[in-house]
Amino acid sequence: MTTPEQSQGYTASEMMTITAARLLKNGMSCFVGIGLPSLAANLARLTHAPDLALIYESGPIGAKPRTLPLSIGDGELAETADTIVATPEIFRYWLQGGHIDVGFLGAAQIDRFGNINTTVIGAYDQPKVRLPGAGGAPEIAGSARQVFLMLRQSARAFVPTLDFITSVGYLDGGDARQRLGLTGAGPVAIITDLCVLEPEPPSHEFVVASIHPGVTREQIVVATGWPIRFAAAVRATEPPTEAELRTLRDLQRRTQAAHGEAHGGGEG
Amino acid sequence: MTTPEQSQGYTASEMMTITAARLLKNGMSCFVGIGLPSLAANLARLTHAPDLALIYESGPIGAKPRTLPLSIGDGELAETADTIVATPEIFRYWLQGGHIDVGFLGAAQIDRFGNINTTVIGAYDQPKVRLPGAGGAPEIAGSARQVFLMLRQSARAFVPTLDFITSVGYLDGGDARQRLGLTGAGPVAIITDLCVLEPEPPSHEFVVASIHPGVTREQIVVATGWPIRFAAAVRATEPPTEAELRTLRDLQRRTQAAHGEAHGGGEG
Amino acid sequence: MAATPSRAAILSQRGICMAEIMSLREAVSAFITDGATVAMEGFTHLIPFAAGHEVIRQRRRDLTLIRMTPDVIYDQLIGAGCARRLIFSWGGNPGVGSLHRLRDAVERGWPQPLALQEHSHAGLASAYVAGAEHLPFAVLRGYAGSDLPKYNPDIRFIRCPFTDEELAAVRAVQPDVTVIHAQKADRKGNVLLWGILGVQKEAALAARHTIVTVEEIVDDLGAWPNAALLPAWIVSAVCEVPGGAHPSYAQGYYERNNRFYQAWDAIARDRETFQAWLQRHVLETADFAEFSRVLRETQAAADGEGTEAL
Amino acid sequence: MAATPSRAAILSQRGICMAEIMSLREAVSAFITDGATVAMEGFTHLIPFAAGHEVIRQRRRDLTLIRMTPDVIYDQLIGAGCARRLIFSWGGNPGVGSLHRLRDAVERGWPQPLALQEHSHAGLASAYVAGAEHLPFAVLRGYAGSDLPKYNPDIRFIRCPFTDEELAAVRAVQPDVTVIHAQKADRKGNVLLWGILGVQKEAALAARHTIVTVEEIVDDLGAWPNAALLPAWIVSAVCEVPGGAHPSYAQGYYERNNRFYQAWDAIARDRETFQAWLQRHVLETADFAEFSRVLRETQAAADGEGTEAL
């Protein structure tokens, strides 16, 4: 039996990465975490957004890595950056200062209002799984002008209630975020391997806005831990172009050659 | 008639500068204003304190100027410094951070507790003379581990009551400074062209501790706007050595040749 | 000063920012309006004199000027009647003495009264940091025992929420426009500066718009690691103005003209002398290149006469 | 953490500070005591692994460890039983996954319980800044809506004295000892670093004592303008330890050993494997040079066997 992926000539992961990359506009400044966000942002830079300015929390501004970094502070980022500033400056002058157009975040758990958990599964004091923790996420979520969230969709990750709120989306919805006085607009899209979700005003609950080719509504429902809703007019995600796929695969091939194995996930 | 200065082979200004320079110990870090403090600090560096680290508020750390700067940000300071940091860093990380051993200040007016005025003569809102203002002085006076004050002694400058307190010494004396919670110990010496004054515990009123050669007590009394007191055991300032005078005059000659005229005063 | 919400509103409305390379005349005309709050920074080094002259030429009025050390650049703007308010921390002619136009405005209200808001260097530098950090205030160990807080409502005292210690707080400065001079920009508008940096980066990041004049525009900045570089996407306009920091200096390009600073004392001391100087050198010249030619002529004539009248 | 007054007291008692060049063994022995608060910083780049090993060799106990990204260096210290408390902001193996020794200590109290104080990067970076600035706290736009402040008493919320806006405050971190690795020092003890700088300068300036390991000690640093340079008079000890950041990297000297980070996952996942590794590579080696020799041998053997057991 042929899987949908094989029949389509690209994987769900590739569709997710390419969809995320397309959301980045040329000339934007983008605060990038390691893993999927870094992959998508660099794909955008290598395709339609050559002047996308990539900022990594370790200090590089305007990094143009030829291969994907394994860690957030790889030498490749430092060597290709326009400049490198100290970490407090990145967070205080550049992110908090209001100069980041897009913040790109992943998560272990996410809820219907785009709040995320990267801290702990189970109780904080008696964790079932101790996750790496906050990193740059809480302030990226608060201060970037817009936030894109990017993670694989599953009922384990898309939960009705987070075990721990590490970083906020729209809290419990409505104007709750606005009342916090955050300077950034919050998450405007969740990009998954199945679809793109967008917040629906006025509740700001995330609903399915665009479905990737070959994916069914049923698949999305099953992969979501809450009763997921669909927008009135759901779009069909454009399939990857030849150029997008080629660039993405070249980037991953170069990276694999450099690091000796597939690019790992996680911030760092 | 021969003036005492001529008969001594050096001027009162030279005695003042040399006395101030002697107070600086090798290896100290010294926050330097332009004018007399810069002259004295560089003399110390060129004589007994080669590893004196000079910090200028414009950013140079470890400046080793060959000629005296006219302004606090001369290229000569930048070119000879170990490094140059931004001005906020100088004040927040280095001075406030507690890394400055000695702060060196001048003043237009000073009182018996070592408080100084560099802001205004007359009322603040209707000034008789508008002086340049605070500059780095208030926080140098507060945060340097010790402060040296340096100015020519006259009843116009050594006043019973300041028109404006720009920067504090011991306020109204006793433990008033301590109660402010300042991290630095405050002024430990006022070096003038006539003598050295030191704070007398427990009041911290400045009294004459050392008189320069050829100066009489009467001269000091006349040049002080309050009833100046003398320490129980007043010392006699050591006259300049040949080496001190030669180094000082060489420095001033080099400076004059570089700037085309005598070194001006005032911070900048 | 702009309140925080309005800046946030502006940020959220702002499209993608990217430096445009344009003439200084265009930049001043596009971004500096009457009544604006303007910071022209540069601590002795890289003072944007050319931009100051252009503001005078375009006869901007009622500006609130921010600068740690007003220096001769603001003495000229104040004497030319461009300013109604000054936020500063040390107002002298470095190594020379008074700024006479500043004093005339403060002491005698000529050509118009000048309201002062006065800080220490540490206080104003911290206020710029707060502006760059998009915070409404900064905390410092400062002003304790000083009379300055009595006259500046933007200095207050707060308590540490952990130790209850008392500390000073200063309100952020958030200029409408910051103007700085730098050594180089590339053709995309990325800006490189080095040497004494003052508060230029903070002033640029704190402002809604930043105009940068540069000594030269090059293909490749050739920046070293950790260089002080302002990316094109936080800069509004880049203007090539060689010598544009004169009589201040640009490390690697030319030295400070100390002689001009000394001569300024005599020029600025007297209202008529100042006005004649301003007329001939700034108001009657088309741009900084012409200013520089006229200045060289006056200076050569002064050399011939052995006087200091520049 | 040290309260502010005691640091002020120490500062006022301190004589003239000047770096001494000494061996890493001497430096750890002289400055790091049981129970001390220690920050070993370096954001992916320049992580002071050699110093971490030396602390394990000298069997220090009950340390409070501070580090934004604990990384493999703290996984080793925690697994070796040196720490009782960790202040951090992201605790993973970068690009690989979990830090298993950290998780074992937190989830199962092995080899001893580890108390966590947890920040965001912005929060902990700001706490270092406050430490460097000798302020008891820092203000930031942060933590709004997050659960982190519920579990960290060193995060509170304050109001702006000018605008009444609510902002986060974090207590300063002031390590007893900060340890960093840098590229170069000169013979006086001035230290130069470049590339990714992390919070090293802040951590160094915030500490009572700073130990710096360097790739090499040279006659002339050859620093460019505005370089990240720590003068000898804020450094306690400089130790020449070539390769001392491995498996992290030193820009201009060697690259990150990504393979070691990947292999660490298997080593650290199991208590016995970890203990055997620690015994053979750290506890039974005399210094970092010997560690490096042993590691090369293990690595060569693993290559021969085609396994990842380093």
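The first chain written gets the first letter, and so on, giving A, B, C and D; residue counts start at 1 in each chain.
Note that contacts are C-beta pairs under 8 Å (C-beta built on N, C-alpha and C of every residue); 3 or more make two chains touch, one makes a residue touch a chain.
Note that the coordinates shown come from a computational prediction; the quantities given were computed from them, not determined experimentally.
Asks: More contacting C-beta pairs: A-D or B-D?
Replies: Top pair by contacting C-beta pairs is A-D.
Asks: Could you state the distance in Å from the CA-based centre of chain A to that of chain C?
Replies: Spacing between the chain centres: roughly 41 Å.
Asks: Roughly how far is chain B from chain C, centre to centre by C-alpha average, rounded to an integer in Å?
Replies: 29
Asks: Can you list every residue of chain B that touches 2 or more other chains, as numbers and ranges?
Replies: In chain B, the residues touching two or more other chains are 78, 84-85, 92, 96, 143, 183.
Asks: Give the residues of chain D touching no fewer than two other chains, as numbers and ranges.
Replies: Counting only residues that touch two or more other chains, chain D contributes 133-135, 140-141, 165, 195, 197, 201-202, 225-228, 251.
Asks: Assign the assembly's chain-to-chain touch graph to one of these shapes: line, ring, star, complete, other.
Replies: Shape of the chain contacts: other, as it matches none of the listed patterns.
Asks: Would you mind giving me the full set of chain pairs in touch?
Replies: Pairs of chains that touch one another: A-C, A-D, B-C, B-D, C-D.
Asks: Tell me, which parts of chain A touch chain D in their complex?
Replies: By the definition above, chain A touches chain D via 34-35, 57-60, 69-75, 77-79, 84-88, 91-92, 95-96, 115, 119, 124-125, 127, 129-139, 142-143, 164-168, 171, 177, 180-183, 259-261, 263-268.
Asks: Could you please specify the touching residues of chain B with respect to chain D in the complex?
Replies: Interface residues on chain B, with respect to chain D: 25-29, 51, 53, 61-62, 78, 82-85, 92-94, 96-99, 101, 143, 145, 183, 185.
Asks: Would you pull the chain C residues touching chain A in the complex into a rising list?
Replies: Touching chain A: residues 7-8, 11-12, 16, 18, 132-135, 188, 190, 201-202, 205-206, 223, 225-229, 231, 233-234 of chain C.
Asks: Mind listing the chain C positions that touch chain B in their complex?
Replies: Listed in rising order, the residues of chain C that touch chain B are 43-45, 68-69, 88-99, 102-103, 106-107, 118-123, 125-126, 128-129, 140-148, 151, 165-166, 195-202, 228, 249, 251, 255-256, 258-259, 261-262.
Asks: Quick check: in the complex, which residue numbers of chain D touch chain C?
Replies: 3-4, 133-141, 154, 156, 158, 160-163, 165, 167, 169, 171, 194-195, 197, 224-228, 251
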